[in-house]
């Protein structure tokens, strides 16, 4: 139901004869990170080939096609488009020929200096065939001077800034890495003695791979015929002398993006969301008869809220399994149809009730307004909206497709105005300390909270702000 | 997650210029009643035309095609195939030319004397172009002697037996009716002064139509240019002199099939399911740490169970929105993949816990066995399976696609054997009285409980038993 | 380029394990007889199954689907729609269940009493699921009383009138027959000792089957496990005592419909067309510099015309291989685009030349008008149009999709008016005696010439005329 | 029927509001130059966008999509794949972003130094996303230093060698040019005062554009807001002092590739082909009863042969309009099925006849062998094969997809051996002087005859020979 979209999911398999069957499975588990296109690059006898398609994984990578692929190494990617860039030419992984061989790259995140790099590369004669920031990485690797692929990559990486979890493939060498701040997740897994890489642990679980560990911020894991080795390609940034290194894993992964059954940045997402709900109950209890979530991501927070406040949990909304990308011919004059198509409301529970409705975020506020209207229409006497996150006041430049600041309601309105716009009896958000308690960290230097605080851990060009 | 499938959903709109846009919307809300094909027949200037397609409503009735249809009257149908009959030639509504004009029929239910009627009709020279029992209805109407369509229909109806909610269309006359026992639901709605007919109220809600009332068992509602009138085409059966009429609405609609936000047979489905859960908690409490549902249909029962037993509710399973009809290339040697693809389990909640898992039914038991295995694999110390229905011991012959008696685990095994097969620490079902209390009726003559009792309210041919 | 369309092509294979691969091949060779839909019914262990699709054979019967079919007996059909009837529900072969088993029928021709029969059948309670005249045949067979399929068919056949070449299948019995007048062709072939039936010999040639002989007018060939036998199910009509039987094979098959490499009604089509051209040269020579055909069907007639008149043959038009059914977005203001898309004209040959252009027929005249305009635009000094057939003055009711009499230019205009409309310097048609000489028969009782003479060999209901 | 394939067709429209409808029409007329993919790049308000697809023009550029494009400038391309390069990523026009704006390029021909340039560019850090030689052009333009697009193009062009007719687009500037040798055709047209560019004049004819003139070898025509201007970007090569400039238009365009209704290199293709046939009749007459062509390209040569030898022309082969790219499930053991599917043979004409069959080229000889077998099987007493070209002894490196020298039968066998392989009674080719007479030029310096002479006008890297 959210108005936010993650940009990408990554999945790779090394040295498994079923690689081309496992990658679509892994991407299926990461489908929530990108529903617009999916792609795979595989390596057979050192030669890389690609298949990319629009749509969900099952459409873009049809089993009939995948079953023909002979490969033991494969990298997959699933993605949302950012504005204007939904064409197939933007689908990843990208694959290019360079002087020193083929290179494929799959990227989750956003490079904050991509425009500048692109301008510089173009000035140096480079041509770009996509609109994606990811393409600059291929150019930088291609222009690096070192002999080995890994060394060229190490020349390239210091030039890029921002959020990037990457999986790269060249010949038979697979590299998985995270940016020095560690904005986006990336985990290493193992299955039958072979290595697997995934954006989230849920993809490992699906194929019965074991989680080995997170790839660290600033770490590069290299898998080739000789096995696996790790290198630290970047020293971590320090906030102040003597302090722990500044890292910036995205707290929004825990609040909304990641699948509840994943363990992200060392924490179980489901448990964090319940804790967010308990903190929310502590901070903004309500005189109410029932607590209900906006499914799916609001469910654990609502359970936590109920545990804390002792207000009974109920689940009147059921999310439709048939919406997705399909198109319904709209009939005129049906109010709030988009929400009605997505959520079935067992509304008779609500008659005369004072209701707390828990959602994970409030961006423009337009969806919440429709939900409150539905609840009132169904007879709710009071509607109290609770958001299991602090107010979203600043856009993300690190890989989330978010509206501009002008469109973020909390960036422009106070609580009373938001409440009136939404039509709720009350609105309550978490504050930053409560969120940190729930997620389990102490201060702003341990996570990226930019969308809630406006403090950007990596500088963003003025033109983008 | 269930292994049971309803056969059909019906939706019709009368005298609305948006009829051809509203019918796909209504069918979308009834998609859970049939995912295999969808169809529409519309009437324009008294001439009926049809469009049918395989797949979900959005595939079978593409908006680009529907937007070209000019019609104020339209009937839609969505369906599952029974064994061997998944072709387009079995998609409904059926449309035929007869001596007295075109007739279209959409059917939810199963005729128990269809084979016999088909044999008789064929002996009289009739030809059949489908495998569906519904086609006999068209033949009977075509062979009736009366002048008016409604009178011919009244000649035909006494000949058919079993479960049938029907919507028929001829020229500009729409007829909606239920069989004398009222096995399957059918409701009348109204929108902007125009009539709408639907299998469930959730389809009325979606298009902002008001529920007028249920169509009664044995009642026929006729809508034509002169307005709406009701006729009782069949007297209800009596069990014994002095008793109330025997009716047989399907109790399984409440337990599993209907959407939780529908009101079916005068009862809110969501509330009934919570009551089923409370009865289950009363009958089969457990020493446990958490109660979890198998989503989606197990959710309200689990909440009710938690309310009754005070064992905290949790929701570790999230149902995938991406499965549906799409195909995933299987990789070898991934255990329980079919369940893993459908359910994401936030399994870290489970470590060392004693878990009650609530599901709506247990048919073959194979899916429950996989779910219990998943829970144990995730670290659950104990797993107690609770079913919010009595044991399913007899197949349905009235419109549900159910395995044979030999495949129904509860028809062949006692509780201990079921528990061992499933791998649970305990298994608990509802009994009939508890189910009746939750649904809100007194005795076996008010609902069809055949799948739980083996007592069939309408005789079934020996060949079918 | 013609504005006329044949209705159907038939092809069947008996007792060949490759039946389901051979039928699409045979239909491919008969594609010119119907481009709108194709279908196949096959028999496996006595059970009939069907697959039908819209479009060309290669689209409607995709090899991937056909390769899964296990069957040694199969019947195929390819068809054009008549007005308003292009839906999949009209695609043949039709397959129905009857009291005495399944029956499939594939039909080439048109029944002249279909409406009357349909009315009668409907009065007797029959329902129709298509708009096709062919469906009545199934009903008549279903209502026949005899025990064996062949005997029931013999009860049914005397009731139908008009043009019908039929292939029927029931269990493992295949029947191929022609109406008593023999309007439409049907030939028996043999391949590796197994029987094959086809509308034209070109389909036999393609699969290297040998032509055994034509099926005779009024003859029924029955192929079953015991082998092949022939029965005469109808005595031929007599024109006068002492005369030869009246038959009515369609002369238009020779003029336009049949493929030039077929032998139809005992005559090689290509040779007949050359002879038509020679007769045309004899009847309507011209003072001209070159003779050119409108391809493809005008080619042999133009060669014959050239042989007769000694005017050099040239071939400035090449027919596009890319038009077919595909759709081109029209740009405004391009004159005669439809003809330009179909015919490439090597127009520089034409400058200052006096040109004879030979076409096979002139129906509405609109296409010929465009062709003449193209030739003049290219610099032709004179354009003489020669038609290798007599004037088309009456519609066909025996299986050709032809405009109404009001639209047939030769039915309403004299030669001078036609010439002026077309914009030619002269227009010349064959006369009936010349046509007969070329085709090789003596008088009107040996062929159907209704479209040229208005004499209909089988009565046509007034409502149709 | 040929085993040779041209690489590409180009079409562009400038300053016409229907540009996006006209380009698919123009490409439709050039479909014979490439059936594998088609693409279009359009310019709207100076911004370039692209759409490319696999298949025929009507599939790759669907009218529904094209009708949404708003643009007055558009460039289209249709293409065959060379070996291994059939993916969508090789479909043209290519579109890239460079430091000085977007550049699109559509290419017909082959660059002989592409590998070397690619290696150099890659060494300089360039990355390649296709396998096509055309991509190097984009890199060279991107790396050029000049300010204006045209000047950068002029920096790039001297670096490329080989065969290239190009249409490029940047902002609102369209450039059409031919390589200094003029291997591939390119013509300028005009329609309603606006400029059009096409590979062949037949594409201009289709949209009723007037032929202005050929673009000259070494000429660059620039069309922008200021109008049209021409520049000579390369001086022509001289063979010897005092002689006319060496140019190398491909003589095979006349023999086989170009459409017969085009005027190519100042000559009407149809007339040239007739002249080739007359020369062939002069050089290799035969004692025969009929002359027949292998359609379509052999038709005018056969007519010319007949004119010269007075042996009657006949046309027993009709080419199927249904083959194209569709796939037919093969049945086993049907000999020469591929030829039978493409050519219908009115074989009864042939019984006992001595036949001359005229084809345009003989490459591997396998198709001709099948055709001769078909003719003999149909009863031909003698079969004399005549080829309206000299023996093909050397592969083309300038834009034709031709087998290697080892596969060219005439490069490895003498006439007697070819005759025996083909199974003909005699085989006759043109010689170089006769071909020149027919095409209308004097010596080897005026056309490229490399495939017939082995003399390559532009050096080809050893690795390619």
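Lettered A, B, C and D in written order, each chain numbered from 1.
As a working rule, a residue touches a chain if its C-beta (ideal position, glycine included) is under 8 Å from a C-beta of that chain, and two chains touch if they have at least 3 such contacts.
For clarity, every value in this text was computed on a predicted model and none was experimentally measured.
Distance between chain B and chain C, defined via averaged C-alpha coordinates, is recorded as 49 Å.
Separation between the centroids of chain C and chain D, computed from CA atoms only, is 37 Å.
Inter-chain spacing, taken between the CA centroids of chain A and chain C, is 62 Å.
Counting only residues that touch two or more partner chains, chain C has none. With chains as nodes and touching pairs as edges, the resulting graph is a single ring in which every chain has exactly two contacts.
By the definition given earlier, chain contacts exist for A-B, A-D, B-C, C-D. Across the complex, chain C is touched by residues 50, 88-89, 94-99, 103, 119, 122-129, 138-139, 142-143 of chain B.
Residues 18, 21-22, 24-25, 28-29, 31, 56-59, 63, 66-67, 202, 205-208, 259-261, 263, 268-271, 296, 299-300, 303, 306-307, 312-316, 318-319, 321-324, 326-332, 334-335, 337, 340-341, 344-349 of chain C are the ones touching chain D in the complex.
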